[in-house]
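The following blocks contain the structures, represented as structure tokens.
Here come two complexes built around subunit A, the first alongside subunit B, the second alongside subunit C.
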Partner chain A sequence: MSPAGIIRPEPGGYRDLPGGGRPAKTAVWAYAIAGSGAGDLAAGDLAAGDLAAGLRQLTGVGGAPVRVTSCSGLGMLVSDVSAAQFGEAALRRNLEDLDWLDQVARAHHHVIDAAARLFPLLPTRLATVYSSDDAVCAALAERRAALRGALRRVGGRVEWGVKAYAMPESEITAGGPGGAGGRGGTPAGGVGPGRISTAEARGGGLAYLRRRREQLAAGRESRAAAVGAARALHGALAGQAERARLHPPQAPQLSGVRLPMLLNAAYLLPADGAAEFAAAVAAHASAHPELRIELTGPWPPYSFAGDDDDGR
Partner chain B sequence: MTDADKYWTAEAGTDAYAPGERLALVDLLDRVLAGGVVITGEITLSVADVDLVVISLRALLSSVSALAGQAASDQTGPGEAVPGDAVPGESVPGEAVPGHVVAAERYAEHEG
Partner chain C sequence: MSAGGNAPVRGAGAAQLYGTGRSSGGSRAPANLGDILERVLDKGLVIAGDIQVNLLDIELLTIKLRLVIASLDTAREVGINWWETDPWLSADAIRRQGEGQPGDGMGELREEIRRLRGRVSELESGDESRRHHPS
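Take a look at the complex of A and B:
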């Protein structure tokens, strides 16, 4: 599950690894911001001792152990990364490499996800890299008030993702899979002015046109129904959530799903609100066969961490 | 079991959720590239730079998946989407317009 070579579950970090030792030139990779509590935890009081142990077992992007840098009443979860791989020019180049991005995104997420189960936090955007701990502190100090506000707003909550696609007509009416042959009316189906049969060309032209017009109208109707259902779904779920955010629809090249995506949303909920929310989503799914609805989560509150986020 | 195994993703309304399913990279990228708090670091890429990266990545992916899609269309199974079916247009993370409206309108343009 973990990308080999990136996430190493063994405790002890790179000091115990063969060839370990502090890399010559390092930069500091940021994962998340927590209240001063997280820093105190790392310093170690009672219950916090366990949490600190949990943190110490985490290895981050590039395999180095995760630690907390505390200042200005805030703590930043960071790990050291090699400047050769994560310096500005190298980072820019490496981000273009899908395999590299995949591994780094998963390692980044792994740390945030594990830490979010220990204490409230604000995830930082991927590829936030500093030259040193001093630079981390300067960044925290500059944004202290806004960060504390954001931490209060989203810390300890989880995010649920809901995606809705327009179901192909063939699957709504036929009630399930099996229609691999394509749906009526698509150009790929071979129905088109160029393909009118000889009979239609003679006397059935009008009939063909009428049939085609009906097909198009039915298609438009079911599209409108799906779009309406997606809007209603979002409205209902947003009403149930503390905050909601719409992401742009995913490109089918990235998602692998060729159905038109009508909704790509994130909802912020209390950590214990999962069952109720999932039930609401499931109810919408059975009430709206014209939509294919997918639920993902729980996620750390990525979509709500930015202070530019103005909620719903 | 890693923490990521605790995630699940499923088609809502089906009885069996699928714990342990690998997180879809596209869902993860939605969040780690377009979400998360942005605090300017000393050598961090600017947000605009990251968006540029994502755009060029998408271009790369579409050329890759065009090849993969051709191979896949030869063995389309039951319940799969129809190759060549209408798709919503490309969009860029961070776009100001609400996603679902954009998707719906582009879908309408495509089909209508």
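Take a look at the complex of A and C:
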């Protein structure tokens, strides 16, 4: 028996699935958990009609429409996926394929991001898959109280991401955009500010060594200053946010920035707190030329969805 | 509490850069796949699906190694590991365990980090020749 309150996908929805036609076996892919707002969709009240219309335009992972399965006063945003592609064995294989992962991650994020504009939600981690709507209900029922608590604390807020990188010394001392051609101080090979031309090195071994030592010391000092500034930045922003979360710095391959990342953090803010927060970030950026600061968002509250406590 | 009524205008992932020396006013960059992956793979609510790869133990570990955890060693090399002792670790561990105890979570996470470090050095020794060409 299927649980009450399920919005069925439109009859044509399956046509978008790879292979066409009616899939032999489907699984249910989860995007997010919502509270009564999404649950009301099933009750069919006035506002719910608008929300349902917004959701119906959303296409999920694998191309099927997004729908809401409600029970226990909670709703799970889901879409049907083919078990052949998203069943356990297939997932294990596919998650190793970065192109596949890229597509699926973007599709997953797109649904969560769009739905978060419609109602408060808790994003679920990628690859949360159920065999049926009944299984979704069982999972919601099991953690009902904790999920409702988390929705109250996190739902409706937005997350801002802040990353800080250590600025190369050549750019700090240049004193901003006007200084000596901006980024020209570092050789294209990226060896760093300590690089000495071979001619200079031949000119005097001792002088070279002395100069090299000074440069290394200066490098250590400026790195320490940058780390200190990153900590101060985090402290200040955390004080302004409802919650804060530190993440490990990203590798350059992931961030796309070759500078060392000193801070990778997420801050939970009310939806209308963006301007003030961005102003604080900008103020720190101008006070600390040793940092390059990157602000991203607003994101759905990914980094805070799993919070079980009231701390921080 | 205000619900979805005053939902923000979103352009999630758009980045504002400060202090680049080039764009003092801040410039916007498109959503970065790395940021999306970091969030959908590593953050987000863990709630058990009944069809579910055990993400923590198996395949995703390799992905995380490549994308996220691999950066830990880099950070350690340059002495930027102050965040390692920060409370996010314990919070993360609790989340991984669902309703688990803080103490247990910490231990489990330490164990995981230890295993990951082992894997990183294995991979690095295997990948040495390829990795040494910066992209």
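Note that the second predicted complex is superposed on the first by the 247 of 312 C-alpha atoms of A that agree within 3 Å, B and C clash if a C-alpha of one lies under 4 Å from a C-alpha of the other, contacts with A are read in each partner's own complex, and residues count from 1 in each chain.
What we mean here is this: a residue touches a chain if its C-beta (ideal position, glycine included) is under 8 Å from a C-beta of that chain, and two chains touch if they have at least 3 such contacts.
Just so it is clear, the structure is predicted and the values come from calculations on it, not from any experiment.
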{"item": "Side-by-side fit of subunit B and subunit C on subunit A, or clash", "value": "clash"}
{"item": "Touching partner for A:Gly75 - first (subunit B), second (subunit C), both, neither", "value": "neither"}
{"item": "Which of subunit B and subunit C A:Met167 touches, first, second, both or neither", "value": "second"}
{"item": "Which of subunit B and subunit C A:Gly63 touches, first, second, both or neither", "value": "neither"}
{"item": "Subunit B versus subunit C as contact partner of A:Gly219, first or second or both or neither", "value": "first"}
{"item": "Touched partner set for A:Ala274, first subunit B, second subunit C, both or neither", "value": "second"}
{"item": "First, second, both or neither for A:Glu96, with subunit B first and subunit C second", "value": "both"}
{"item": "Doubly contacted residues of subunit A, that is, touched by subunit B and again by subunit C", "value": "27, 30, 33, 87-88, 91-92, 95-96, 98, 101-102, 105-106, 108-109, 113, 117, 122-131, 135, 139, 143, 147, 150, 161, 171, 176-177, 179, 182-183, 223, 227, 231, 246-256, 260-263, 266, 278, 281-282, 285-286, 292-299, 302-303, 305-307"}
{"item": "Parts of subunit A lying in touch with subunit C, wherever the complex brings them together", "value": "27, 30, 33, 37, 83, 86-88, 91-92, 95-96, 98, 101-102, 105-106, 108-109, 113, 116-120, 122-131, 135, 138-139, 143, 146-147, 150, 152, 155-156, 158, 161, 167, 171, 174, 176-177, 179, 182-183, 190, 223, 227, 231, 245-256, 260-263, 266, 271-272, 274, 278, 281-282, 285-286, 288-289, 291-300, 302-303, 305-309, 312"}
{"item": "In the complex, subunit B residues that touch subunit A", "value": "1-5, 7-13, 20, 22-45, 47, 49-50, 53, 56-58, 60-62, 64-66, 76-88, 90-95, 98-100, 102-104, 107-108, 110-112"}
{"item": "Subunit A - residues contacting subunit B, complex", "value": "1-2, 7, 9, 27, 30, 33, 87-88, 91-92, 95-96, 98, 101-102, 105-106, 108-110, 113-114, 117, 122-132, 135-136, 139-140, 142-143, 147, 150, 159, 161-162, 164, 166, 168, 171, 176-180, 182-183, 186-188, 219-220, 223, 227, 230-231, 234, 246-266, 278, 281-282, 284-286, 292-299, 302-307"}
{"item": "List of subunit C residues in touch with subunit A within their complex", "value": "1-4, 6-8, 10, 12-22, 24, 26, 31-53, 55, 58-60, 62-63, 66-72, 74-75, 78-80, 82-83, 86-88, 91, 94-95, 98-99, 134-135"}
